[in-house]
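The following pair of complexes shares a single chain, subunit A, combined with subunit B in the former and subunit C in the latter.
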Partner chain A sequence: MDQTILEVQDLRIHFELREGTVKALNGIDLVLKEGRTLGLVGETGAGKTTLAKGIMGLTAKPYGKIKSGKILYEGKNLLEMDKKQLRRIRGEHISMIFQDPMTSLNPVMTVGDQIAEAIRNHDKLSRVDAAKKAAEILELVGIPSARGSEYPHQFSGGMKQRVVIAIALACNPKILIADEPTTALDVTIQAQILEMIRDLRERFRTSMLLITHDLGVIAQNCDYVSVIYAGEIVETGTVHDIFRHKLHPYTAGLFSSIPNINEDVERLVPIDGLMPDPTDLPAGCAFCDRCRFATEQCRTEHPHLVNMGGEEGSHQVRCLRYKETREEGE
Partner chain B sequence: MLKYILKRILLLIPVLIGATFIVFSVMDMTPGDPAVAKLGVDATAEQIEELREEMGLNDPFLVRYGRFVLNLVQGDLGTSYKTGLDVMQQIMQRIPYTFLLSFAALLFAIIVGIPAGIISARHQYTVFDNCTMVLTLIGASAPHFWLGLMGVIIFAVNLGWLPAAYTASGSLALGIILPMLTLGMNSTALVTRMTRSAMLDVMNQDYVDTARAKGVSERIVVFRHMLRNALIPIITVLGLQFGNLLGGAVTTETIFAWPGIGRYIVESISNKDTPCVLGAVVMLAIIVTVINLLVDIIYAFVDPRIKSQYKSMIRRAKKDV
Partner chain C sequence: MENQELLRVNHLKKYFQTPSGTLSAVDDVTFGINRMETLGVVGESGCGKSTLGRCILRLHEPTAGEVIFENQNILECSKAEMKDLRSKMQIIFQDPYASLNPRMTVSQAIAAPLIIQGIYKASEKEKIQKRVAEMMDVVGLASRLVNSYPHELDGGRRQRIGIARALSLNPKFIVCDEPVSALDVSIQAQVLNLMQDLQAQMGLTYLFITHNLSVVKHLSNQILVMYLGQLVEKATPKQLFKNPVHPYTQALLSAIPIPDPDVKMERVALKGELTSPINVKPGCRFAKRCIYARPECSQCSPQMTEVEPGHIVACHLAGGSMK
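For the complex of A and B:
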């Protein structure tokens, strides 16, 4: 069994605004194994980006508050580290690819300088050597090194995302957090970027947390999947567990709302309703208002994650009625 | 780039014509006779009439204005009605003082305003931020003449720390402090507010998170990633402020007897010395235009996106030719 490199335990992040407390994350547990890819899937507003930023220590101040939990990187709690230790982890051990390449590069610095900045920050290199290494990394992500002296506005969206990836991989991190790395891109470019991430990841044996709302991306890139809903993990397991033996009605809903190439379906089945207001979460299961299996018990009793065994014995589901849904799923 | 600069300098011509025409008309409409001012109240009607004829004051308005423009084109600003001295020479003697005062005020605004704005933005809604916002509101609203008089009362009369007015024999370094603070207060307040809001805009940008995710220190995040991006609106305000400072120099220089061009204008207006007023206005218009042009050029160095915009503008212009 692979070693655990990153573990999130019972992470709660709330945003305390004047209008009320937004409960963005409500007790998240995640396990990322060394060299593997964990997919985090969920709809907009489920807390995916909050989680990614929380792991990076980038929770928006002054409203964002980490209420409880641990983020263990190689057994050490990132939340207990001082700023200096955390800075050493960021970029060198854990780095992040952001969602929108259009806005995640500094418009007044050349891309070469932005990559070199990440390198020089962690390796004691001279300016010239760092520039040389930045040029190598640019070539690695498929950009001619001569373009290192250009500014972000001179690049296309796909090229910018390559630069963002180059920055993230500049120091050869152990963990890469990719927050919807292809959402803002053209479909044709999406495949290229994902393939590139996959290649580089395998080459450097980087573990990855891949955040997306695209199940196709999960199927192609991930070993494990966690489904997040209203700031909670509702189902987690291997890709096989989730794709073949999905148990949570929300997971099932996600699958039936995308087209399946093997079936001739006239209409897709969307999940009715909206995610509950994160300032006013229900007492029971967060999904009960949209769930066709929901009973009175679901409205009052908050479900816990239940281990269902599965392929590697790690398939877990947060549902009171998993027995019924299992029968239906199979 | 050169073509762009040239175009901007050509734009100076309509600006100068407009400004001088307005000043010329206003000076013409105000009561008082320069000939009387020159000869004194005891002069006879014949003497006055003779001098008016000699000075060309009896010609129609447009002829007089046309004559002024013709001389201006040849670089001749004429001579003072009152003293008969060359206007250009007089202005050149005074301009260094005005520049010194304006730059001191601007420097004060930069040195105090930008750091205060950064700290305010980084600690939004804290006591420091709230105090700064109140102080800058007062600083931006208080008129120069009031600030100047308060400064004189407190620091010169009551405390006796600083001289109340400039004297040729006194220390320039001490003498400039009160005028600089008076003139620079508005600009400092505006620069602080602009820096704060520009920094607040930039602080939530994704590239700031990218920078933090690299693990760079907070100092680098603030200066290299935030401030450089916030600089464009700050430079715009600074450029505009320079024009305001030259305008504010008129009152400030009068209060503190500062021998600059602002006080020169005030004196010339009360003497109805049209050539001197016009000369000073022309000079100020040229300075403001050049400063604005410099600001536009600085933009290109701060923000590479603007440089490529200029380039494509020039490319298009070349195609048209």
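For the complex of A and C:
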């Protein structure tokens, strides 16, 4: 069994606004194993990005409040670290690729300098050595090192995302958090970028938390999957557990909503309704209003994650009626 | 076949003059759409698919070519004639956040086209309200939202307003410019189903522009693949997904991540990125990225060849040594 490198336990992050409290994360548990990729799927507003930023210690202040929980990196709780310790962790041990490559680069700094900056923040290298290393990393992500002296606006979207990845990988992190790294890109470029991330990860044995709403990207890149809904993990397991033996009605709904490229379906089966308002979550299961299995019990009793065994004994589902959904799934 | 055709586009061209030269956004595109069918247009960003959709409605004035709608070349129509035509030809825009006036309520937004087209006078409030209520019902918007503003609604509902606006004039033909790209998958499925139902109920013809190949396969009767302003392949979904002939189509299809962990992707390598559409040289525009490219590919432009009935391809190697 692989070693656990990052573990999130019962993480709750709320945003306290004048209009009310947005309950963005409501007790998230997550395990990332060394050298593996965990996919996090969910819709807009489910809390994917809040979770990623929470792990990085980037929860927006002053509204964002961490209500409870632990984030254990190699056994140490990141939430108890001071700023200085966190700065060492960020970039060197855990780094992040943001969704939008267009806005995550500094427009008035050459890309080479931006990579060198990340290196010099963590390693005691001279400017010349850092520049040399930056050039190497650029080549690694498939950009000719001569382009290091160019500015972000001279690059296309796919190339910019390569630069962002180069910065994230500059210090050889153990964990890479990729927040929708290819959503803004065309499929052909997406395929190139994902392939590159895959190669680099194999080379450096980087563990990755891949956030996406694209089930195809998950299937092709991840070992484990967690499905997030209204700030909770509703189902988690190996990629086979989720794709072959999905149990939660929401997971099933996600699959039936996308037109499958390999099958002909006359009509899609969407999930009716919308995600509940995060300032006013139902007392019971957060999915109950959209669920065709929902009973009175679902409306009042909040379900816990139940272990269902599965491929590696880690398949868990948060549903009171998993017995019925399982029969239907098979 | 011929009289079934609702819309025909002949040799349509749209060039933009830029400081660095001529940008050929749409270059010599020819196709037809049959009544009550859906024609899907796919391609990467920047391939000219949105420009094509807008040229058909004359939201951009085409540089050359013909757009024949119900046996009439609409590019020769006067402004007044064009205005009448607009009630038959409508568009649903990509971004439901940007395409609605933030200061208009749902009912005002849906009523606007009715008043502009002179179906009702602005003073006929009751009739307008009745029609608005009807349209909201058709697209599945709850009647309590009638006085809401766009910022109070989520993306799926806003896109429904866009659809209601387009439909309120009983059009025959609708250009759908990435109508579901900005929506979450579960909402996307709701909107796609709605569009399919409306097509059957109201006898609509769609030009469906998207970069999402699985959506296009799901909806279309015919698919056009565009690359740098040109048509590279046209086929039915079955033909295209079973037997993609153009190397670009092959690369595009093989880049879609398959939602099945046991099917490994065999990607057709595609070198580099989209080349610049400014001052294009003669020859196949895809040649630089094509793994099969031969010297003749960069000398003259490939002609459209039919590889099987209804399946046409613009590639020098089509029909022969490819595959």
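Convention: the second predicted complex is superposed on the first by the 328 of 330 C-alpha atoms of A that agree within 3 Å, B and C clash if a C-alpha of one lies under 4 Å from a C-alpha of the other, contacts with A are read in each partner's own complex, and residues count from 1 in each chain.
The definition used in the following text is that a contact is a pair of C-beta atoms (placed from the backbone, for glycine too) under 8 Å apart; a residue touches a chain by one contact, two chains touch by 3 or more.
Computed from a prediction, not measured in an experiment: that's the story for all the values here.
Colleague: State whether subunit B and subunit C clash or fit side by side on subunit A once the two structures are superposed.
Modeller: Taken together on subunit A, subunit C would fit alongside subunit B, as the superposition shows.
Colleague: Does the superposition put A:Arg87 against subunit B (first), subunit C (second), both, or neither?
Modeller: After superposition on chain A, A:Arg87 lies in contact with subunit B alone.
Colleague: Contact-wise, after the overlay, does A:Ala283 reach subunit B, subunit C, both or neither (first, second, both, neither)?
Modeller: neither
Colleague: A:Val306 in the overlay: touching subunit B, subunit C, both, or neither? Say first, second, both or neither.
Modeller: Neither partner.
Colleague: Look at A:Thr188 in the shared chain and tell me whether it touches subunit B only, subunit C only, both, or neither; answer first, second, both or neither.
Modeller: In the superposed model, A:Thr188 contacts subunit C only, not subunit B.
Colleague: Which holds for A:Leu17: it touches subunit B only (first), subunit C only (second), both, or neither?
Modeller: It touches nothing on subunit B or subunit C.
Colleague: Of the two partner chains, subunit B (first) and subunit C (second), which one does A:Ala146 touch, if any: first, second, both, or neither?
Modeller: neither
Colleague: Once you lay one complex on the other using chain A, what is the shortest C-alpha distance from subunit B to subunit C, in Å?
Modeller: Minimum C-alpha separation, subunit B to subunit C: 6 Å.
Colleague: Does any part of subunit A touch subunit B in one structure and subunit C in the other, and if so which residues?
Modeller: Residues common to the subunit A contacts of subunit C and of subunit B do not exist here, since the sets are disjoint.
Colleague: Considering the complex alone, what residue numbers of subunit A touch subunit B?
Modeller: So the residues of subunit A touching subunit B come out as 53, 56, 58, 60, 62, 83, 86-92, 95-96, 98-100, 103-109, 114, 117-118, 121-122, 151, 153-154, 164, 167-168.
Colleague: For a test of understanding, state which residues of subunit B touch subunit A in their complex under the given definition.
Modeller: Within the complex, subunit B touches subunit A at residues 124, 204-207, 209-218, 220, 224-225, 228-229, 302-305, 308.
Colleague: For a test of understanding, state which residues of subunit A touch subunit C in their complex under the given definition.
Modeller: Counting only subunit A, the residues touching subunit C are 43-44, 156, 158-159, 186-192, 194-195, 213-221, 239-240, 243, 253-262, 265, 267-272, 274.
Colleague: Across the complex, what residues on subunit C touch subunit A?
Modeller: Going by the criterion above, the answer is residues 44-45, 154, 156, 184-190, 192-193, 196, 211, 213-215, 217-218, 241, 251-252, 254-265, 267, 270, 273-274.
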